[in-house]
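Pasting the structures in now, so scroll down.
Next come two complexes, and both contain subunit A; in the first it sits with subunit B, in the second with subunit C.
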Partner chain A sequence: MIKRIFNAVDERVKLLEIYREHLSQYFVPAGLNIWYSMGAVLIVLFSIEIITGIFLLIHYVPHTKEAFESVTHISNAVPAGWLIRRVHAIGANLFVLVLFLHMFSVLIMGSYKKPREIHWFVGCIILGVTLTTCLSGYLLPWSQLSYWATTVATSFPGSIPVIGDWLVWFMRGSNPVSQETLGRFFAMHVSLIPFTILILTSIHIFVMRRTGISVPPWTDGTKKIPFFPHFVIEDLKVIYFFLAMLFIFVFFYPQISFPPDALDPADPLSTPAHIKPEWYFLANYQMLKLVPNEFLGIILQGTVAFFIFFLPLLDRKEERRVWKRPIFGTIVFLGIIAFIILTVWGHYS
Partner chain B sequence: MEENTSRRNFLQKLVGGVLGATAIVFAVPFVSYLIPKKSAGGANLLTDADNKPILDRDIKEDASLVGFSKDGPTIVIRLGGKLHALSAVCTHLGCLVKWVPAEGIFFCPCHAGKFDANGANISGPPPEPLTVYKIEVDKEGKIALEKA
Partner chain C sequence: MKKCLRTFFAFCLLLFASSTTLAQESVCLTCHEDIAKDWRQSIHAANGISCNNCHGGDPKNLDNAMDPKMGFVGKPSEMEVPAFCGKCHVGVKENYTKSAHSINLVRGGPSCVTCHTAHKQKRAAISLISEDLCASCHSFERAEKIKNSMLMSETEITGLEKRLEALRIQGYDVRPSKKLLFATRNQFHRLTHVVDVDLILKETTGIQSEIERLKTEISGNEATEIKRKIFGAIFIIFLLIGAVIFWWYRNTILSE
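Moving on to the complex of A and B:
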């Protein structure tokens, strides 16, 4: 019966043709390493975030008087609510980590070079949008941590001359972080941003299919394997490794996303000591602390972001092997070391 | 042929223009929807988290109290019997300062910024002093604020 229905549909819309063209008869280079599976891991993690987010929405109340209680209710009273919330929170951290790894591998293997510049531009925008998602989602539990971390994070643009104060006011929807801020961040977090990431990811995959997948610079890419099932199995190995990591943190180290200040409801009249942003903002946070002028700090970070974004236009040489590009390799190495040092420093400062 | 091409060009521009104008017309209400409202006029009273007025007698000698005014969180201290009101928002990154009576300073717990009792930034990363308010206490003891 099912087969007959499938055949009838296939006769009309040629489903098998799509399967052959995009999966079984779609060939990718045989020498791809595990770094090439990061995109698949990101798609899986994004799907997990969407699914867990939809389930959290069933009980979450986006109002300052009820948000914290609704989140506590999800964690303590709703069956498996604690699990869904932890997977959502820790999954977001893992998503950022894998996105960093994905971009790192593209950097090292020179995969951003012609004809794949658009992949890089779209990937950078996805990173920016992802960090915005994390920031907006951070406020929603309306805990002391979320309230004050959001207050600090949304204060940074205030140092921009002329429009800074207006920008902060516009982002928050009011002077201090308030119901207006929660409403804005909630709308962004649950609808605008996931939709944007979905569109950007579709563009990313579309341009990858049009240009073809890149190969590691040390292979010639002549030997090919079918995408399904051969390469999908390689993807699955890496996907299950990261899923294992996710659940190790969910079950054994949940405090990584839920420190003590995350367990108290927000009090807009009392700032707790030692408020710090999430780990992926620590380097920016520490850098802004070190630079004596806040605006100068923002300019510095903007300059770094500018060079990273426009890298394909600045680095046009064909050579992709990193050991043949010592200046580039040194800059990347020092950049990563600086990021790690600032992150650790920001954590312990 | 040439006439067809110019006609096609004109139609392409017409379609682009119509779509662009439509987008702008639709964008105006959405953008105005996002611009926050300015707070209404009237007295700038100091209130608690439940929007109830904080009264003069609630603040003891050498003690402090943080409440809301129209400008945001505001801290009031009583020194030598006189009330002093300042913005509680640290000028560095927006955390709230606390009054430390033993040292006679305002201290920001986020990045250890310090301000003296007049709100001047004296140590740490804050780039500017705290905003100072003039205080008027009415017969009922309600505290009204005005930027000094």
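Moving on to the complex of A and C:
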């Protein structure tokens, strides 16, 4: 019966043809390692964020007077609400981490070079949009941490001459962080940004299929394996490993996403001591603290972001092996070390 | 009784909210640095209760800081101390007034600051009833009886506070339990000020039933947390086994 239905559908829409063309007869280089599975991990994590986000939306109330109570209700009264909320919050952190790893591997393997420049540009935009998603989502629980971290984060553009104050007002919708801020952050977080990421990811995958997966620089790319089942199983292995990591934090170390200040409702009259942004903003935060002029700090960070974004246009040589590019390798190595040092420093400062 | 407690908490919260920022800004500290040193170590400082909250005056303006028109009352006399502290600690004052300490205040009996100090007050704990302190005025025997009768409940309350905090960190909404425990603890500590062993023993029985109720609730949440962790561990093991199976299967089909 099922076979007859399948055959009837296949006769009309050619399902098996799609399967052959995009899976079993689609060949990828044989030397792909776990770094090539980061994209698949990101797609799984993004799906998890969407699903858990929809469940959270059922009970969340985007109003300053009710947001914290609604989130507390989700964690304490809704069946499995605690699990959904933890997976959503910690999953977002893991998403950023895997996105960093993905971009790091692309950097090291020179996969941003011609003909894959568009992949890199789109990937950079996805990173920017992801960080905006995290920032907007951070405010939604309306906890002490949410309120004050958002106040600090949205105050930085204020140091830009002429338009600074306007920018801050534009982001917040009012002078202090308030209902207006919560409203616009909520709208961005649940509608605009997820659709943007979805569209950007689709473009990313589309251009990747058009150019093919980059051949690892340590192979000549002549040996090929079918995408299904060979590479899909490799992807599944890495996905399962990262899911295990996610659930270790969800079940045993939820505090990583919920420090004590995240468990108290927002109080605009009482600034808690040692408010820090999430780990992925700590390097930027510490850098802004070190540079004497805040505007200069923003210019510096903007310059670094500019160079990273336009890297494929600045580095046009064909050589992809990092050991044959000592200057580039040194810059990347020092950049990563600086990022780690600033992050750790920011955490303990 | 409950209404009285609610009013007391509301008043304390209001006081706390209004004074949190003022504690940092008080101009009094510019001249009274010696007192400020003690105050910084106190439970008052930790909760944002600043000079003006007790002594009045304008904490933002040095000229008006000690102006009676701004409500400045200065240092109270020994006889005035119970009423002075009792502005906030209403229940404690009520119990103290019934005590032998209060009756003997005119003859040099102890006031609040005798045991709690004037500016370096620590969070009230049973350890405050000590031979060093009590025996400086009278024999320790009676105080020791009071201490022993309260010790078990006090230890349990302290233990429950720690367990509630551990649950809070895990994301449990412990605010109602914390409020109840805070009220129980206050009611319990207020008793000390009557200095009446029989009354303390009688009231402790009632307090103990509240403690038992809280214990049951906390134990239930702790059991839930253990179940979650067991389920989580099994789930994680399955995911890791899955990863190993995929790794093994991929190696198998690659070698074919």
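One rule holds for everything that comes next: the second predicted complex is superposed on the first by the 349 of 349 C-alpha atoms of A that agree within 3 Å, B and C clash if a C-alpha of one lies under 4 Å from a C-alpha of the other, contacts with A are read in each partner's own complex, and residues count from 1 in each chain.
The rule we apply is simple: a contact is a pair of C-beta atoms (placed from the backbone, for glycine too) under 8 Å apart; a residue touches a chain by one contact, two chains touch by 3 or more.
Computed from a predicted structure; not experimentally measured.
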Contacts of A:V13 with subunit B and subunit C, given as first, second, both or neither: neither
Which of subunit B and subunit C A:W148 touches, first, second, both or neither: first
Subunit B versus subunit C as contact partner of A:R86, first or second or both or neither: second
Subunit B versus subunit C as contact partner of A:L243, first or second or both or neither: second
Partner chain(s) touched by A:F252 [first = subunit B, second = subunit C, both, neither]: second
Touching partner for A:N175 - first (subunit B), second (subunit C), both, neither: first
Which of subunit B and subunit C A:S270 touches, first, second, both or neither: both
Overlap of subunit C and subunit B interfaces on subunit A (superposed complexes): 269-270
Subunit C residues touching subunit A - in the complex, by the definition given at the top: 17, 20-21, 168-173, 228-229, 231-233, 235-236, 239-240, 242-243, 246-247, 249-250, 253-254
Of subunit A, residues touching subunit C in the complex: 72, 75-76, 82, 85-86, 225, 229-230, 233-234, 236-238, 240-241, 243-244, 247-248, 250-252, 254-255, 258, 260, 263, 269-270
Subunit A contact footprint on subunit B (complex, rising order): 34-36, 39, 49, 66-68, 71-73, 88-89, 92-96, 98, 108-111, 125, 127
In the complex with subunit B, residue positions of subunit A that touch it: 148, 151-152, 154-156, 158-159, 169-170, 172-176, 180, 184, 267-275, 289, 293-294
